[in-house]
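Order as written gives the chain letters A, B and C; numbering starts at 1 within each chain.
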Amino acid sequence: MNLQDYKGVFVFAQQVDCKISGVSFELIGKAKELAAELGTNVTAVILGDGVTALADSLAVYGADKVVVVDHPSLKEYTTEPYTHAMYSVIESYKPEVVLYGATAIGRDLAPRVSARVKTGLTADCTKLEVDAETKNLRMTRPAFGGNIMATIVCPDHRPQMATVRPGVMQRANKIAGAKADLDVVELTFEKNNKYVEVMEVVKTVVDKMDIMDAKILVSGGRGVGNKENFKLLEDFAKVIGGEVSSSRASVDAGWTEKDQQVGQTGKTVRPNLYFAIGISGAIQHLAGMEESDVIIAINKDETAPIFDVADYGLVGDFKAILPILTEQMKEIMA
Amino acid sequence: MDFTLSKEHEMARTLFRDFAQKEVKPLAQEVDETEIFPTETVVKMKKLGFLGIPIPKEYGGQGCDTLTYAMCVEELSKVCGTTGVIVSAHTSLCAEPIKKFGTPEQKEKYLVPLANGTKLGAFGLTEPGAGTDASGQQTKAIVDGDEYVLNGTKIFITNGKEADVYIVFAMTDKSKGTKGISAFIVEKGTPGFTFGTKEKKMGIRGSSTYELIFTDCRIPKSNLLGMEGKGFGIAMQTLDGGRIGIAAQALGLAAGALETTIEYVKERKQFGKSIAKFQNTQFQIADMATKVEAARLLVYKAAIAKDTQKSFSLEAAMAKLYAAEVAMQVTTMAVQLHGGYGYTREYDVERMMRDAKITEIYEGTSEVQKMVISANLL
Amino acid sequence: MKIVVCIKQVPDTNEVKLDPVTGTLIRDGVPSIINPDDKAGLEAALELKEANGAEVTVITMGPPQADAVLREAMAMGADNAYLVTDRAFGGADTLATSTTLAAAIKTLEYDLIITGRQAIDGDTAQVGPQIAEHLDIPNISYAEDIKVEGKDVIVKRQYEDRYHVVKVQMPCLITALGEMNKPRYMTPGGVFDAYRTKEVKVITRADLSVTDEVIGLKGSPTKVAQSFPKSVKPAGTKVILDPKDSAEYIIEKLQEKFII
């Protein structure tokens, strides 16, 4: 393998129902940075049925070039036709880097492509950078349940492939009115033993989530005061994409349900973000939530033990703070 | 002398612990609070074969040994004393005597469903006037044709009303004293067999403790367990095995209290540091752990003795005596280290301390164990 | 029907701790478990066995100690077990691992291969699809439900906002989601049988028809350049601000942490 033959940073621009997934734009944003350091450009690859028209939107977010494979076999995602298409694109364009979103599609497609191309693949990267000396891609990812970070390189194989979780990278600024430099690749798709049949596509409505699975919890305690005040927590949770949980005191008071209880006699949770609102921080409550990645506490009582475990503690009245926070958050999330 | 457990015993322990933590622990507080027999848990244990651990596979059991069974009762009792005694009474006091003394027909009819968990078992020896002195049996069994007719009352019967099969002791010949006692297998639903008062207890409150009442209860002669007049020996030998189960329950309660307390003292802060940093806490934990380990060695030794020795009465009595004392001491120390919280029902050690007390009393009080031990020595 | 389930022995990552001095993982004393997604895959296989009749074989690649997860799988009800172990397999990344496992599976008979979606120590989700590629069979990842109808497998395939019902002909490979079922417990008798009557068969380098270039460290395109502990949590801060500043303070911190 002559590594010099491989040029360009490619992004698998995932689309579902002819709508580009947000992570694709984020990947283009990162790809632009990498391409600048490598002295090359960014190509977005879009696979699907009737997707050629989407090419410009990828240019708007910074793709220098867009490669399209537009074919009825690519209507719904299935592994083999997508692998065949991606593999064919890689074989003919020889990119040095290929990025995929770490989605339910990308995490199926990328490994299958890597095995066909026989190159390395690094999953769920949180950081991508170019080694100043070797120009190799340095791919950093969490391992062991997030206990350590590992930087992976793929020095002797090309392309260097990585998947990146949605929300990790930043989108580049839009270039209004940008038009794609388009390559439409014609491929033949011959059905073989590896083709599967999609019998049904069912879009799912998300049910109420188990607080143990929630990434963000807005948790209330005795200090919330009454059931009506929990509405403030619910509004905030809705805006920030979290779930409402509570301390035992609140469950005992009948303000919240038992399945929302965090603590010794409730559930043990480990969200990315835990808001402790009006929760004093009894030891039995702390036992259920102190492993949360980030803890933000709001409490009137400056001496409340919850402040010992909180990353950020705010001494004050949540009834005043929360509505403002909810409004500001709405603007940011919009 | 080798104190290491085999890989199969280690893995079986992992299984019991996993089951206890996930399926039993979450219900323990509610079972205690409501005094409701944990039927759901028993159904789960049935599916996993926990109700026939030391019974051979040919009788529908798991084909494991007494040590595995003791470890099961230990791990269950670490999180719920009630669940521990349900398994212990069923296995040691009902399945075991049928395995040892039953006819091939009795084994087919009763041991198989007991071992595979389709039926739950119980044991009726104690009477209002015959507790520690089990020889004072008042329940009578009179032959009438092909049947025995039972009359009398049994009290404090674990798994009472919930069990389907009961080993019941009765006088077939009062004039012969203990040699006039016989053992019977009685099915729930037999006419003349009813349940009286349900006991309200200090601990193991989810276990169903009932009075059994026999009024002209007719039992086929084929349900005589062992020979007529051999009932007292059957009862005593059965209790030798039962003591291993109760010793394992006591061990579990002590070990469970120790585990919970270790977690608690590391979290609980007073005077600006975790109470685990205080020497008193450290020394208390050291004492508790040493007692638990000593009890464990006695219990496991007795369990192994049951499978390898002709008589294991001495080992079982020592294990039960010591483990029960340790259970009471360690749970009390655990409550003390928890302070005020330990006295509330929010924390498990409160229940464990209440559960522990019975282990010094049932299946032979600590005093009876001392009688057994000294009788073996003097 | 013959089902091969790939399982991995993993450290329970909830219990993993870091050496504060060297920043390396302390693996001593950390319990080893069957990877949760793999265990769900095994449960699915055992349910298929009950529903349709099947022979369930478990296979793992790892050090000799990985014997324990195979015994556990047999104690749950698996019929056969294979341990793929050799120093030559060491240092493998996902591609080399999948190449080795595929070569080992080639020595067995199979209609259906089930793997977990991903392992909790690596979280890559790569080995399953890669094995399928090496064996030139179809794969369906992220299975929520698996049914067998004659020669077909019907899979409920999960995506973020939908699921597909997908039909595929065997032989094929399915990757199972941990949430698809609640794996059964072992039974005490099963544990005794797993150690006393059943055996774990060993597959070594010599049993595989692959070249040295595609296995172990040599066959691994990716290398670990560096590993380091996740930055430790700083001591918390406590502020007293008016409500509006409080709200802004929170937003500022959330942005710092990239949560929003």
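Assume contacts are C-beta pairs under 8 Å (C-beta built on N, C-alpha and C of every residue); 3 or more make two chains touch, one makes a residue touch a chain.
Quick caveat: nothing in here was measured; it's all calculated off a predicted structure.
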Comparing the two chain pairs, does B-C have more C-beta contacts than A-B, or is it the other way round? B-C
Chain centres computed over CA atoms; the one at greatest distance from chain B is chain A
Which chain, with its centre taken as the mean C-alpha position, is closest to the global C-alpha centre? C
If you average the CA atoms of chain A and of chain C, how far apart do the two points sit, in angstrom? 21
Between chain A and chain B, centroid-to-centroid distance (C-alpha), Å: 53
Separation of chain B from chain C, taking each centre as the mean of its C-alpha atoms, in whole Å: 40
Check each residue of chain A and list the ones that touch at least two other chains. none
Help me check something: in the complex, which residues belonging to chain A touch chain C? 16, 76-80, 83, 103-105, 107-108, 110-112, 114-116, 118-124, 138, 142-157, 168, 193-204, 216, 240, 272-273, 294-296, 298, 302, 307-317, 320-321, 324-325, 328-329, 332-333
Touching residues of chain A toward chain B in the complex: what are they? 264-265, 283-284, 286-287
Applying the document's contact rule, which stretches of chain C touch chain A when the two form their complex? 11, 13-14, 16-18, 23, 25, 93-95, 98, 118, 120-130, 132-134, 136-142, 154, 158-169, 172, 220-230, 233-234, 236-244, 246-251, 253-254, 257-260
So, in the complex, the side of chain C touching chain B is made of residues 68, 71-72, 75, 185-189, 191-192, 194-196
With touch defined as at the start, can you tell me which chain B residues reach chain C in the complex? 6-8, 11-12, 15, 18-19, 48-50, 53, 57, 61-64, 68, 72
